[in-house]
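Just so it is clear, A, B, C, D, E and F label the chains in written order, and each chain counts residues from 1 on its own.
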């Protein structure tokens, strides 16, 4: 138990949860430093989309929604702020008029996180951002990926572009950042332009679990499969919020109906206890399409689930 | 494979999905003609309701929401725009100040569709509209109905009126348009004024599956029952969007809680592959009650599910 | 069958459901009197919360949403307005600038209901209000509680205060109003400040069913457990709307993800047929956070479910 | 000063303005009787429109919005509830499936108001409703009209129909209910289908003040003109909420930009002090298009302005 | 009077304004051709912004909102569809992943409009789009500009980029497309990063009218100044919707308070009758920030005002 | 020119305005210290209201909305961040369950600001909060008040309570914190419970400018009157957002129609240049009633106007 007083959320008994500035979980906003075990970071980049933009406002929205989260996990009892020094290190720089330049800015920022040994948990931004993150997190060895998503994001090109939110994991494979045999994609569904994306994943050995598979197997078997595929190697979690059923995630660029629900998502992340986790992200939250606030609230809760398993992983490795 | 270039959606690689006018699935807006196999048609009639109006704006809303749909079904691989010539033939005429006149205008419009042999898929409008449609589609022989709905719509009269969104399927039975023994109603629930509507359906031999039944049987058994009841005769699909649980369909005149979800709906429509399908409709989408856009998105996805099974049916009959 | 014409909802055949003033279920607005069997009452108090206020507007919102409810239960056939004299007796007085004074005003109002022997069904208001209600309803003997909630509401103090929406059921136990061994809490989940609240419930013998338990047991077993715990003694139903999954209840002060759905809630209340029911409440509906109206609609439907079982209980006791 | 205690709004010091059922200004909901001087009445009819329906929900929305109104006019000091017995007499009957029948039901209801000598102030409903009202109010002698509106509503027919929200004042003229020379229309603007409607008004001698006129004259001169035109005869006020600039009235069927503002509207109604007022209405509030609630709030405030001048008129005539 | 039946809006007497697909003013959707006098075109480009994106959805939103517009101008009597052949020619191509490529696609599209001699009226898209348009429209001789805007859009660079929505009119000057002495900017206001943008305009001889100037001069004097500055040369109208006061235009990327209102905007455009108009645009409508629909409605009305003056200009030049 | 680099907003050229945490104007979040000249502070207290709560979320909402504000005033050229050290010092503590205790916590917090000589600019919170602030700011000598408001807030008691948002300025007078002869209230209007509040102000010598007065005098004369009344003594600005016309401020507890607009408000604050300003506040922003965000945006802009005049005042006094 570290329980470092410098790295605690604002005390709701003194400052109510509606009060003061919004940081992730009301943690201190700090610049990255060697004291930080887990760095919560916003990546407000949404220049990689071909339909509805808006995920640039995702980090701000999830910070606001995370006011409601408390200190202790209700099922596992994990108290992440006691286990690790967790801080909100702000957002990466971003140039809204320079797509490729922005990706470099993001990568440079993650280099600084990596340099001090902190584990990054990111809030996007669109689903292009795992690429610059993985270029840092996975530069020594390829990582396994647990990807929650309705779309495989393994096209070769989109609109003639090789880098965007539909090609991320193909590029990451090609660059040797991702070990496809330790990669599992969960929740695939939604009408498609063609067969190409899924075909790539199957070809390189990813484990693809469509919603049809998910339903046929049942959640427990899927959880078993996540465990089997990821094994004991370094593992990265990537959650595209459109992996959730649209009833839980209208506040995103391309909502897809007929997916898994929040309870499912929580249980699948929760099962990652004991894994060697090197980072994670939640992407594609677009708050202007979320008048009820539900999508933002879901993202904040999923971030807390991720934080709990990452904190245990990180604390265990101290 | 027809793959007629004149009947393809706008290419998202050239015109992004947010661009240009909204037609159903970004297909060409054409007047009805003999080249068309499947006619997508709006029926902006909502004078048959006794609570919240607004479904007159349903076709416009579903057109907008359908921008997001792509070309290929993710589970079956069906590519409807390759199998059949599909077009958006616009909306039926309608006179907002003349209820009975409007129903005649609708019927006349469907006569023109029928005359060229196209299969109509309609977006309402309130749930009165199957009556003028069936008067055309079923004029030679009664059809079986797969009705997704929270309400049976088999009252004798409502407010002294014999034609409205609560009497549709009783009138259609009485007029010999519907074969009650080949008719199945799925999802019945919601507080009721009295026992009359359901009693009629039971009396004439319809298969009624309440939500209690649905849950007791399980979805697979319900799918089996749909198959058994409809058999090999001509079958029409009618989807009142309030058949969905209210969490999926607040954007409607009378949302009802405790229903089936979108995955259920998709799977039940999907199971109609191989049936002899003569038409279908999605009714009661009222977009002014749908600030998240979820109901409209669900309707667009259900229309695509219907289109896939109808395209296979129609292509098989060429 | 009483079927007293003075205690019937407005007839939708004469006054459409969108017409005239909104009372609960369009029943007459009457002052409390000895003719009334079941008193529907609003308790617009929300001074007991530490995050988002707004439940003071809950009664008005649920009245509006209840326009859509009809006369007869679809599964059980119960027609509550035929069984009992049910009326909307308006809202309790409340002083928005005096928290403790308001609780006394509420208690006084319920004394008047109690004095004439009517069973109260209340719409809050925040989840502090069961305390003044139980001080009346349970003053002769402790009652069992069926509590639907994501939070146990059994803290000792919150912000130094002993009376608020997080301490209600602890105070009620300490005051001897509640029999903890006949009390069951269903749906507990959500990140926590610490272990204290749940520990209290376990210590005094309440039956706590977390969402993990709920899922492990299945709904039927939970229903059996509700039956077993409550037994044949006097029983009070308290439904904090945040017991529902956030997808069904964003319109509340502290929505919590990963809970049970409306179908679950309906079935659990429905199973209370035959119990000796002394009252019930639905709390924490905050309509300004409910742009789709879904939370309000759910509350109205749950109130109808409660009314049906309470009406049978009350009618049986005549 | 009557100050009859039976005809007072709920006392906000005892029942806060957010509490209890919503009636107009929190007045008692009473059936019409001879004790009532001014009858506030809802007319939930919207079958006369050719674009967006929804004004059937106008009375409910204005009742809710009117909770905020207090007792005394800030400029004139008028206290209408002290001068007259004012009550909310509910809504007229209406049959959503029978347009012409509904108009008769409305007329019959106003006959009952007229029979006891009460002055009716109505909340629509679409702008067809002045016709059945005037058939009662003006049956003995034609009345002058002060019409606030962006559209003249003096077409001969719309969609082949002679009775609807675009022909109201032409029919009323033809039926001898309206004295065109004592009629003034204020705020006319908005793109038009053709010249016909305005031409009729000019031909029969109505005073038409377009927004161009309004701006050229200035508000004070317009107020002078209202006074001159209406003179000392019986006068009826009809306020189509789309007379307001769209920035003040998006919650209506056909909002029109570039109109007068709320201050203007308040001042123009206020200037009717001393007139012989026989009734008034506010129409076309469609709350589902009003997410901010501003249109409903404006309607409630305009109703209070009307009430103040009508109460003085009525009290003066006792 | 041309009154070509091929170029008329749908007849509302046959197809109600809520029916069928949404094109600008319900005109036919046609590809560009020599028969077209005025081409209404969408430019769904929003890659030039540094704050809130979303104007890519502007054309779709304005098409929907334009359903409400009729045929004839209420003040001038202009009937543009009788004077000229007006058509909706759809949207320019656009590549959401290629900013500079998209600008070329836009320019190429306008070349095709220009080649047939049609006058383009565009709906953006962000305020970068006048640049590729002017490169076509003004390639023979520089044009005067009437710019309604809260921001001058004459920075040299933004975020290191020379082409974006804040540099448009500086680039256009430098490229010789705009005659600064025949250019007037109206409505400038809003907090600023620094003095540079306005300084450029003043230096090159543009007429800058800040809101302080506007108020000091009065609208009539401003209208006189527009007339004086633009003179008799070719003139282009560019309306950034944020030129309107934020109360009229929240649905935009950067709303600015304290501006002119819709009546002002209408009158200033209306005063351009008799000018030699070579095109116009309305930019920066971002519908996801416009829950009331007011901004979209304003844009549709302003487009109609522009259309009326352009139609007179074009008809006069036949 | 101080231009202290530690007290500058985030540079939008490096961190876009949508990025990173939301503080007032993207300034650093610092604890109060002697280096700070002007302290921006949130006061999330809304326990003093008798209708709609929600202003507790005002500070968070205004922080988010203030992202859009830049560095330099467009009319005066004032660059407040160059003149003074300005910082966001967070929110005061607040106990949502203890009204009187919270007011003490607020007062204590302002004592700390006062102790270091910083000028406080506050964002409420309801309009009770000027009382604890003035108890600090005005403890040495009474201050003049420029109050923008639709309500006078000078009742003696409300609901039996002496401290709440309707009695603030009466208490402040009685406590000798306010010099009534140097106090001016602007914008008074809205229906009233009775004559008492205004009578108090008149009796003690406040200058009351109702909307009737405002319109009769014209804005320039009102500005002159503000200058005359406040003179050269210490002056405090208090802006209840409901002072704005409801078209500009629906996002508040009690919106009032028929008020002044944002341009008016800006100009009246702007005229306070040269005054001896000791603090200011903007109260009653309730973001859950503000779906367009306009009210929040207006508040952020008004805060910037206040900051500019206060910065000049403070800089001049160095």
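Quick note on the criterion: contacts are C-beta pairs under 8 Å (C-beta built on N, C-alpha and C of every residue); 3 or more make two chains touch, one makes a residue touch a chain.
Since we're looking at a predicted model, the values are computed, not measured.
Listing every chain that touches chain C and chain F alike gives A, D. The chain with its Cα centroid farthest from the Cα centroid of chain F is B.
Of all residue numbers seen at the chain A-chain C contact, under half occur in both copies; the interface is built from largely non-matching residues. Here B-C and A-E were compared by C-beta pairs in contact; the pair with more is B-C.
Annotation, chain D versus chain E: rotation angle of 120 degrees from the Cα superposition, expressed as a multiple of 5. Chain centres here are Cα means. That of chain A falls 40 Å from that of chain F. Centres computed as Cα averages put chain B at a distance of 55 Å from chain F.
Looking at chain E, residues 16, 18, 50-52, 56-57, 95-96, 159, 247, 289, 291-292 sit in touch with two or more other chains.
Pairwise chain contacts in this structure: A-B, A-C, A-E, A-F, B-C, B-D, B-E, C-D, C-F, D-E, D-F, E-F.
If you check the complex, the residues on chain B that touch chain A are 12-13, 16-18, 68-75, 77, 247-248, 261-263, 266, 291-294, 297-298, 301, 304.
Chain contact summary for the complex, chain B toward chain D: residues 46-54, 56-57, 95-99, 158-161, 164, 288-289, 291.
By the touch criterion stated above, chain C contacts chain D in their complex at residues 14-16, 18-23, 29, 42, 44, 56-57, 59-60, 63-64, 88, 90-96, 291. The touching residues of chain F, when paired with chain D in their complex, are 50-52, 159-160, 188-195, 210-212, 215, 245-247, 250-251, 254-255, 257-259, 289-292.
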